[in-house]
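Okay, so chain A shows up in both of these, paired with chain B first and chain C after.
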Partner chain A sequence: MNGDPRLALVLSVADDELVIGHRHSEWTGWAPHIEEDLAFSSIAQDEMAHARLLYGLARAAGLTDRDEDALALGREPAEYHNAVLCERPNGDWGYSVARQYLYDTADSVRLEALASSSWRELADVVNVMRLEETYHVDHARTWFSRLAGGPVTGRQRLADGLSKAIGEAVAVFEPLPDESKLISDGVLPRSSEDLLNEWLGAVGKELEAASLDFVLERHGSVGEMVPTGSGEVRGEEVFSPPGVNRRDGVWIHEGGFAGAGGRRGRHSDDFVPMWEEMTMLYRTHPGARW
Partner chain B sequence: MVSRVEVASDVERRVWDALAGVHDPEIPPCTITDLGIVERVHVTTDAVEVDLLPTFSGCPALDVIREDAESAVRRAVPEHDVRVRFVYSPPWTSDRITANGQEALRSHGLTPPGQGATRVVIPLASLAPGTTGATCPFCGSSDTVLESAFGPTLCRSTHFCRSCRNPFEAFKPKTLA
Partner chain C sequence: MAVFDVFGKRTADDDWTLVGGITAPDPEMALVLAKETHFRHKEGVAYAVRRRGEEELHVGPYDAGVLGGVTDHSYRRQEAYTGVGGRQKRVSRQIQERGLRIDRPRPPGHPSRDTEPDG
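For the complex of A and B:
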């Protein structure tokens, strides 16, 4: 691993896009109707393309010797920097919508900040991504509203999905390794904590408008993924989201994460089976060309 | 005697002519210059560099377009080293599609994204009923509904015309505005 903290930054965004793109692609052929097969397949295609652009950027900037295929498919699980949220299985439609809504709103806050990065080539790629991500956020918000306002079963499934995903969505903004250097160089224009509070404030308002803000007050577990034999150790069970509080009418983060560790390669038990499938062809046929 | 500038501009003209003959493999009536993806042609004494802008970054036709463009330019200026690559600044937007390109899309049964006030609108609530601003490429009616902001390729949305009862596709607007 190169010592330049820009590598961890690029890989955090790229690996999020690759891994959630892989999960989205698992809906192909299985979504509730054909329009959603197309929607999730298209979003997956965009996300994987964004990962590819960023891997190419990392190599062009001399941050790594590995080409885009080797970065996407040739690393060991502990070398991936994606947030744990992105690797979770799709579950039901409620969880998939909740996760896409939380991830893509978080991603848009992060990309808006990176668009003014002092690293010009990164800002250029991010601007290309943002034009396409608009459609992802639109898709997620559309389904969020439909399920939130729909019959009780869909609304309940959305609420369950949000409750399950919200803590790990907060951890999308887990601080990056050597973040202070990224900030002082202007590569990362705002701290992860600052971006987290912008996102949480906005999402909190949208959840309140849908009378779903109770998901911010009910949560399953707290702790960090640790690389033990089983790969995953859950912390204690709690019933408030770690570090999330409402102050003066605004939802804010005050420290603590659930499902953190992804940015340092610590993943859940769900990651390895997905990684095995995603990388199988590459590992079975080294050097194969498409 | 021919000056170096004249030679360069002749080469440049041949390169642009060659690029104007390269078609999008997924929308055959449309050329890459119609789509506005040729950003820059740079000619030196012995080399030609062409910068292209990707339409949608995950479009699988991009590699084909790059290779087709490279061989077309090589044929046009065989005495030069040719390099064709994609660049990411400025971002491509659908406002770069020329009037010819809009017509070529329509001839292929695709509603063009339009520009400014005529732009196809993909409403924020994509599943909500209502008009989309897309004109039916078959009958010209604007009494149409959006089926989905996604379609058979990354650059297309799917619609239904309530006048002639045909499903149709539109080239998705991609814009900074």
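For the complex of A and C:
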């Protein structure tokens, strides 16, 4: 791994987009109806295109000598920096909507910050991404409000999905390796913790408006560490119980993260089977062009 | 679920033209879905939906710069497949020259590779 912390930053965002795009693409042909099938497939393609832009940026900036295909498909599992949330299987539509809502609202906060990065080339790429991400959030919020409004079965499935995903969504903002250097250089304009609390405050209000904030209360009291299947734990890393809490009317982050480790290449047991399928063709025919 | 007619404009000066229809529970969801069902190939610069049988037109919030995407989605368009047939024939010939054979059955009624005209 290149010692420049910008590489970990770019790969974190790019791998999130690639992996969640791959998961979204698994709905192609299976979404609840054909109109949604097209919409969700388009979002999947957008996410993969964003990953491609960022991989290209990493190479153009001299952070790696690997091309886009090699970065997307030619790395070992422990070299991927995506958040664990993105790699989880789709489950039912309720979970997929919940995850898309949580991920894309989080991604929106992250990209808004990166749009003012001192690394101009990154800011330029992010501004292109944001043009398409606006639709992703629009799609997610539209589905969120429809399912939250009932009937009971749909609302229950959304609530179950939110409960399952919320802890790992918080970990989208797990601090990056050498984050202090990124912040002091202005590459990352605001800390991950700062971005997390902005996102959590906004999502908390939306969940309260839909009377679904109980999913945050449950996470705050029953947070759990997720077993990870790859990557090494460094001795200096400190783990503390994950949690969120409501103070002065605002939801804030306290403690550690559920599902932490993705930013350092530690993934859940769900990652490798997905990685095997996603990279199968590339690994079978390395260097092939099509 | 209601039926919504979908309208589009090829250029900003055009009138709204009926381009199809979709089912959705309400205008907001209809707009979210119609953007990708009818305009993901850059078919227009503006779009709108109208619940069938009603007068009110709901105009989509996305402009020409965003409809169909801003990143590389060229694979969605027909020109991206230019040369695919020729490339497939070339690869097939190379496979035959190496003495290999792909023997996956073809769909019923499709001519076999042996009877396929060269070129």
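In this section, the second predicted complex is superposed on the first by the 267 of 290 C-alpha atoms of A that agree within 3 Å, B and C clash if a C-alpha of one lies under 4 Å from a C-alpha of the other, contacts with A are read in each partner's own complex, and residues count from 1 in each chain.
Convention: a residue touches a chain if its C-beta (ideal position, glycine included) is under 8 Å from a C-beta of that chain, and two chains touch if they have at least 3 such contacts.
Just so you know, these numbers come straight off a predicted model, no measurement behind them.
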{"item": "Side-by-side fit of chain B and chain C on chain A, or clash", "value": "clash"}
{"item": "Touching partner for A:L53 - first (chain B), second (chain C), both, neither", "value": "both"}
{"item": "First, second, both or neither for A:L9, with chain B first and chain C second", "value": "neither"}
{"item": "Contacts of A:R146 with chain B and chain C, given as first, second, both or neither", "value": "both"}
{"item": "Touching partner for A:L176 - first (chain B), second (chain C), both, neither", "value": "neither"}
{"item": "Partner chain in contact with A:D124 - chain B first, chain C second, else both or neither", "value": "first"}
{"item": "Partner chain(s) touched by A:A113 [first = chain B, second = chain C, both, neither]", "value": "neither"}
{"item": "Stretch of chain B penetrating chain C in the combined three-chain arrangement, among 8-16, 44-52, 80-88 or 152-160", "value": "152-160"}
{"item": "Residues of chain A at both interfaces, chain B in one complex, chain C in the other", "value": "35, 38-39, 41-42, 45-46, 49-50, 52-53, 128-129, 131-132, 135, 138-139, 142, 146"}
{"item": "Chain C residues within the chain A interface of the complex", "value": "22-25, 28-29, 32-37, 40, 61-62, 65-66, 69-73, 76"}
{"item": "Chain A residues touching chain B - in the complex, by the definition given at the top", "value": "35, 38-39, 41-43, 45-46, 48-50, 52-53, 121, 124-125, 127-129, 131-132, 135, 138-139, 141-143, 145-146"}
{"item": "In the complex with chain A, residue positions of chain B that touch it", "value": "54, 56-59, 88-89, 91-93, 122, 124-128, 147-152, 154, 158, 172, 174-176"}
{"item": "List of chain A residues in touch with chain C within their complex", "value": "33-36, 38-39, 41-42, 45-46, 49-50, 52-53, 128-129, 131-132, 134-135, 138-139, 142, 146"}
